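Labels A, B, C and D are assigned to the chains in the order they are written; within every chain, residues are numbered from 1.
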Amino acid sequence: MTILETSGGKRGRAAIGREVLVKWAPLLVLLVLCGIFALMEPRFLSTRNFARILIAASPALMVAIGVTFVIIMGSIDLSMEGTVSVCAVAFALCFLWFGGTLASWAWLALPITLLVGAALGFINGLIHVKLKIPSFMASLAMGFVGTGLAMVTTGGDRIRIEDELFRSLLTERILNFPLMVYVAGIFLLIAWFIQTRTTLGRNFYAVGGGEDLAVASGLNVNRVRVMGFALAGMFFSVGALLAVGRIGIAETATGNNFMFLSITAVVVGGTALWGGIGGVWNTLVGVLIVFVIGNGMVVIGLPGYVQDGVLGILVILAVILSTDRKSISFVK
Amino acid sequence: MYQLNKVDKTFPGVHALKAVDFTIGRGEIVGLVGENGAGKSTLMKVIYGAYQPNGGTVSIDGTTVRFQNPRQAMDHGIGMVFQEQSLIINLTVMENIFLGFEQQFVRWGVIDWKAMAKAARHQLRKVKLDIDPAMVTSQLSFAQRQLVELAKVLALEERIKGDLVILLDEPTSVLAREEVELLFSLVRELTSRASFIFVSHRMDEVLELSDRIYVMKDGAVVDVVTQAEANVDAIQRKMVGRDVDKEYYREQLQKPYDASKTLVRFDRASVAGKFSDISFDLHAGEVLCLVGTEGSGREAILRTIFGLERPTGGTVDVKGASHCATAQEAVARGVGYVPRERKVEGIVDGMNVYENMTLSQMGRFSTRGVLRIAEEKALAQTWIDRLGIKTPDVYKDCGGLSGGNQQKVVLAKWRSGGSDIILLDHPTRGLDIGAKEDVYDMIREMCNEGAGIVLVADTLEEAIGLSHTILVLKDGIFQKRFDGSPGDKPTLYDLVHHMT
Amino acid sequence: MSLEKLKPYFPWLTLGVLLLLVGAVNPSFLNPASLLQLVADIVPLFIMAVGMTFAIYIGGIDLSVQQVANLVTVIATVYLAQFGVFVTVICIAVGFAIGAVSGWVTTRQFVPSFVATLAMGFIALSGARFLSGERALSMNAEARDASFGWMFGNTGGVPHELIIAALLLALAWFLQTRTTFGRALKSVGAGELAAVASGLNVHRIKILAFALSGAFAAIAGLMFSVKLSGGDANLANGFLILAIVAVLVGGTPLTGGVGGVINTLVGTLIVVVIRSAMVYLEIDATMQQMIFGLILILAIATTIDRSKMRIVK
Amino acid sequence: MSTFIKKFIEREKINRRNFLFASAYGLGGAAALGAFGPGTARAALTDPTIAWSYRNRTNPYWNEIVSGGEAFVESLGMSKGALTHLINEGSSEKSLADVKAILAKTSGNLALAIDTNDAPNARPVVEAVAGAGGYASTLWNKTDDLHPWDFGDNYVSHMSWSDEGPAEQTARILLDAMGGKGGVVHLGGIASNNPAIERLQGLKNALKDYPDVELLAAEPADWDTQKANQVMSAFLTRYGDEITGVHCANDTIAYGVLEALRAEGIEDMPIVSYDGNPQAVKLVADKKILATVFTNPHWGGGITASLAYHAATGHFKPSEEPNEHREFYGPTILIRPEDAVEFKANYLDSVPTYDWTDFWGPSNGAIVYK
């Protein structure tokens, strides 16, 4: 899946208006969607409902942010389902082993989980870079390995996390929003910080914008790639923590459905699959669009069998609207 | 003082560099010329660390060094300005300048954008470019990008102790003449800070700029001449081992065109934002050359004839009928397009010779969609023989052919299909002299067979030498028409005067 | 023979080595009758993978195939009694149409095929759920036997399913290598811009590639539906990832222009050998997925031809 | 020492026989291919491989099924590991392919217990097993026109559960707890699954007697905790306080619903579910869930394997059994808070030891088609 950009570069001033429009299109789509759902069912537009949408979206947002970095590099990471499962299970096991409540040493399970996620991503990146396997395939296979690992570890059992302190992620609210929404927000800011203020974050864009050029500039692209996958793995593990926090259960199935969901969200948000364009705020908007559609369709009472189709149509429309058609000549 | 001493480089089956000696002193500008395949690019890659030599030594100020990668070369003050644009266009100017060297602006893991912008402005001043370093690179013109590249290399200056050696690989190929002048004066000024290795196919430019010129042939340095003793003919003789005389452009083969037979007619045609109010006729047997700088509307006119742009004003007629709506239609009506980006648009890398040759005319080699492959191969063999295409057989992947042979495949594609309106966009770009001559031969031949050719030439000399008619364009507007019959051709000055 | 010359045969070698390894541990695996049956059983998956090859060959991907197959199982089951064997036409037409729309959205609307086909899959799923009334439907047994009973017979010991697969493979191979369409596909996959500059109608070719992918997915769904004698909106679940893996392991990379349907044949065989070997070698069921992933990495690492990949993304 | 050596010798015997079969195929060549397998002529098997094919290990329900299968295998004096697991991960294609692979591996010397993942998949699975001379018993999924007695002895039995009645019972408990008024929402399984359809029907049946209760909405949650969580959240937005009771199609859905309610600080919503997983039973004891239905998957898993095994080894001849011994309903036990502690003691804390040759004792009558 590659794309060639027209060798432009001489886009006149007149084009800026369109560029600005395209840049903000995902947000507009989000607002319009909210407007439509609110018109059809006024209850959609309530703080409590937004809290519900955000609770549902928080784990997916973390996973999508992780994969955003990889997509900006022009690669793709499909290992999230496995990584999330492994991290969820690893967290639960560590947490219980260390005492089962945050008040004890069990808080150690949190950093350990992040390390597990980063390590999985690191391995993923190494396989991709060292064996020269395209990331699509390498990460897909690593996803299988991850899901399998979680399965072997648990034997299929679910592990409950009952600790009230940990579950306060869901139950404790500040200004009507539960703690996990704030945690997701903090990690979003961290991601934004990485994206804009660190060498690594900027190097993602360099690799995505022109890998051979980046090599010629003396950039250690392989290192950037591996670090990118490791960073993605770490964000997947944050997603796993929030997913466990939301349901209170860690299991092999914790990672289910994250793959297509997160990549769809990233693309809908306006990050280009061919790399170099987009960022974590795009991803936030994309995730919100997907979850607003999901929530909105139930809220307005669409029959179940129509929902998948409507989601499909809306996703296509959202991507069309947020694509700068003038700047690309073809897409695969 | 940078020195190569008896440097050898071999690849399996190829002795690419043979005991090459090369020195460059402080503040010197050294030219490097040679045909394609003479070893220029291998030599450059050795210099900037992309290749490691098999024999001989590289030394800087008398100390032997060995670079494992370009980054190590950079750390020793050797920088490269690439032929193809090597800036990453989705990054800002300052990010490009300091790509790979951001660490100096990092405080506690955070990039200090203000400090980087300040440093970038300092670098941009060296190349006299007054732009906001936070601008996204894609918004710059090609000439501005070239200067940013230079600034990027010059930024090495503050990072290393010794002197800078800067390689300029075909830096002028995307620049208009005026921009080239600017670049050259800048380079001369910068000799106070660095020495330059200047690589170009444009012999006049090499002569104009260089203090000394290394001439390479077959992997060896065959001559080193100083600016004072250099002349184009002598150097070209050394490069090719034979004379390149006035017959270079085959002017004696130029025949008058058939004015009664009009193939393409532009009548006050415009494409919004690209060109406006352009009128000309292309006749059978005519070479019509469009001259102008990048963005003057030359390419847009080609694209319009080929059906990729639609005229927004006036009329464009192709063979008496209205303009082509699509490229498919254009091809069907006998328009052939030889694009500038040969490897990307000309041939399909990954398809073999006969597949490439019939790509535009598969209808003629198929029955209800089923290909008659034997006929395709026969056709390919015919044209391989006729044009002297150097390929082991028709099954050879075109991506593995040399540039000249690739171009011959592209030309064969259109000629074998009977196209009689041929659009040539920089047809000799990046070709060595021998291949260029072959292309010129073919252009004459096509004319004599009654084809009309619209040419966007690689150099002005080429434009003058080849064409019957020259249209000079500037910013999408027609400037001046020259009729260039042999012996009565416009001079370089005439063209440049109207272009800029 | 140099390593370079061997490269195109790496997928075959991988398959051979796998077969020998499994056979060495458990010789009964190499029993020809069961091998034949093994291969006959993956025919629907194989057909879907062949279709997917067209989409990947031009550098795209088709994630809608599984849902197209789901929809087709429902259509086939619902309309079999009414149209008999001609339900095939309806099924293929539906698959073709969905693929064509995916192609149109991708080429004309610039939606990456990853997302466009995923979304089209959702739409197909909606159709399947609606048409099935959200129930598992079973085919009328007589109608099934009358129209498609021949599909499960043998001729000279060769299951008819295999013959169908062979015919479809031959058709796909013919399309790929012997027709202007196949040549155009290759040029689009290997150098889309050159194809444009040669005056090919690239959009139409790409749309057709996706349409073919959909049509093959429909045939796969139909065969699966007939085999299982029923249909519902989830029946073909589990096909998608395997089909992609089969294409990729066979050596048709996502970058397009290299590989082809014969590669997909090898890829499918590799996948099925790995999978059945797990049963043969009595690998703990909970570990199978992990081991599948690990072997997959090894298989891909050995089968892919990196010579056309300048940058590995 | 003795068991180890005995097993070793037995295994050698099997391998030897498999090898002989393999050679026979090899020699027979194409001519032998037509007649698929020698199994049809085989009356009874000795020492068949016992296999359980099921959807996945991430659902506690299937883990219970598996534990039953393992308990049965252990009752034969073998180790747990002797049970072959085939996991289809929700793919009918893999389910069928795995069955074919194990049939080929064992040359039909197989006693298979299987849930075929989707009803249409049952026919090809049974046909393949019968064709190879193996023995199969199915659980849950099969189409209505497929019957064991049409396959002689090889398709041993089918067990399912009639969920409509028990689901109606739990619904009544729910509706009573709601005081016979208000609004109820239903979160269902995968829409096309039979149990999902029946459990919703049970609720609808009960609602006829409660005219003041409105069925606000019924949405599939695909037996999935996370999906249930999201659907319930959306329900809360749409209906808010109108929801006064939740009817869940199974326990895993109920967990998601409970967490969605917990996020909103709603602690006292009446909820009923189904399956009787240990965790759900605990929730019933804590009155977080008002009722669930225990279908004894442990027994179901064991007895399905046992039926296939004992038919395969000739312990009984299925074709001589009446139809109600070949298609029958499994047991159901309603668990309410007052029963929960006792139930937990009897069934969960110490798993009862079953007589795996008492095939039909706990069963619940012949399957009735509508």
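We take it that contacts are C-beta pairs under 8 Å (C-beta built on N, C-alpha and C of every residue); 3 or more make two chains touch, one makes a residue touch a chain.
Remember, predicted model here, so these are calculated numbers, not experimental data.
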Handout entry: Furthest chain, CA centroid comparison against chain B
Key = D
Practice task
Could you let me know which interface, A-D or A-C, is made of more C-beta pairs in contact?
Solution key: A-C
Handout entry: Distance between chain centroids, defined by C-alpha means - chain A, chain C (Å)
Key = 29
Completion exercise
Rounded to the nearest Å, the gap between Cα centres of chain A and chain D is 36
Problem - Separation of chain A from chain B, taking each centre as the mean of its C-alpha atoms, in whole Å - result: 43
Problem - chain A, residues touching no fewer than two other chains - result: 4, 151, 155-156, 304-305
Handout entry: Set of chain B residues in contact with two or more other chains
Key = 344
Completion exercise
Residue numbers in chain C touching two or more further chains are 129, 134, 193, 284, 286, 288-289
Problem - All pairs of touching chains, each written as two labels joined by a dash - result: A-B, A-C, A-D, B-C, C-D
Practice task
Could you please specify the touching residues of chain B with respect to chain C in the complex?
Solution key: 326-328, 330-332, 337, 339, 341, 344-351, 355, 358-360, 362-363, 366, 369-371, 373, 413
Handout entry: Touch list for chain C against partner chain B, complex
Key = 178-181, 183-184, 186-187, 189-191, 193-201, 257-258, 308
Completion exercise
The answer for chain A against chain C in the complex is residues 1-2, 4, 73-76, 82, 127-129, 131-138, 140-149, 151-152, 155-156, 211-212, 260, 263-264, 267-268, 273-275, 304-313, 315-316, 319-320, 323, 325, 328-332
Exercise for the section: Could you pull out which chain A residues touch chain B in their complex? Expected result: 4, 8-12, 193, 197-199, 202-203, 205-206, 208-210, 213-220, 276-277
Exercise for the section: Flag every residue of chain C that touches chain D in the complex, lowest number first. Expected result: 26-34, 36-38, 41-42, 44-45, 73, 129, 132, 134-139, 141, 154, 156-158, 224-225, 227-239, 242, 272, 275-276, 279-280, 282, 284-286, 288-289
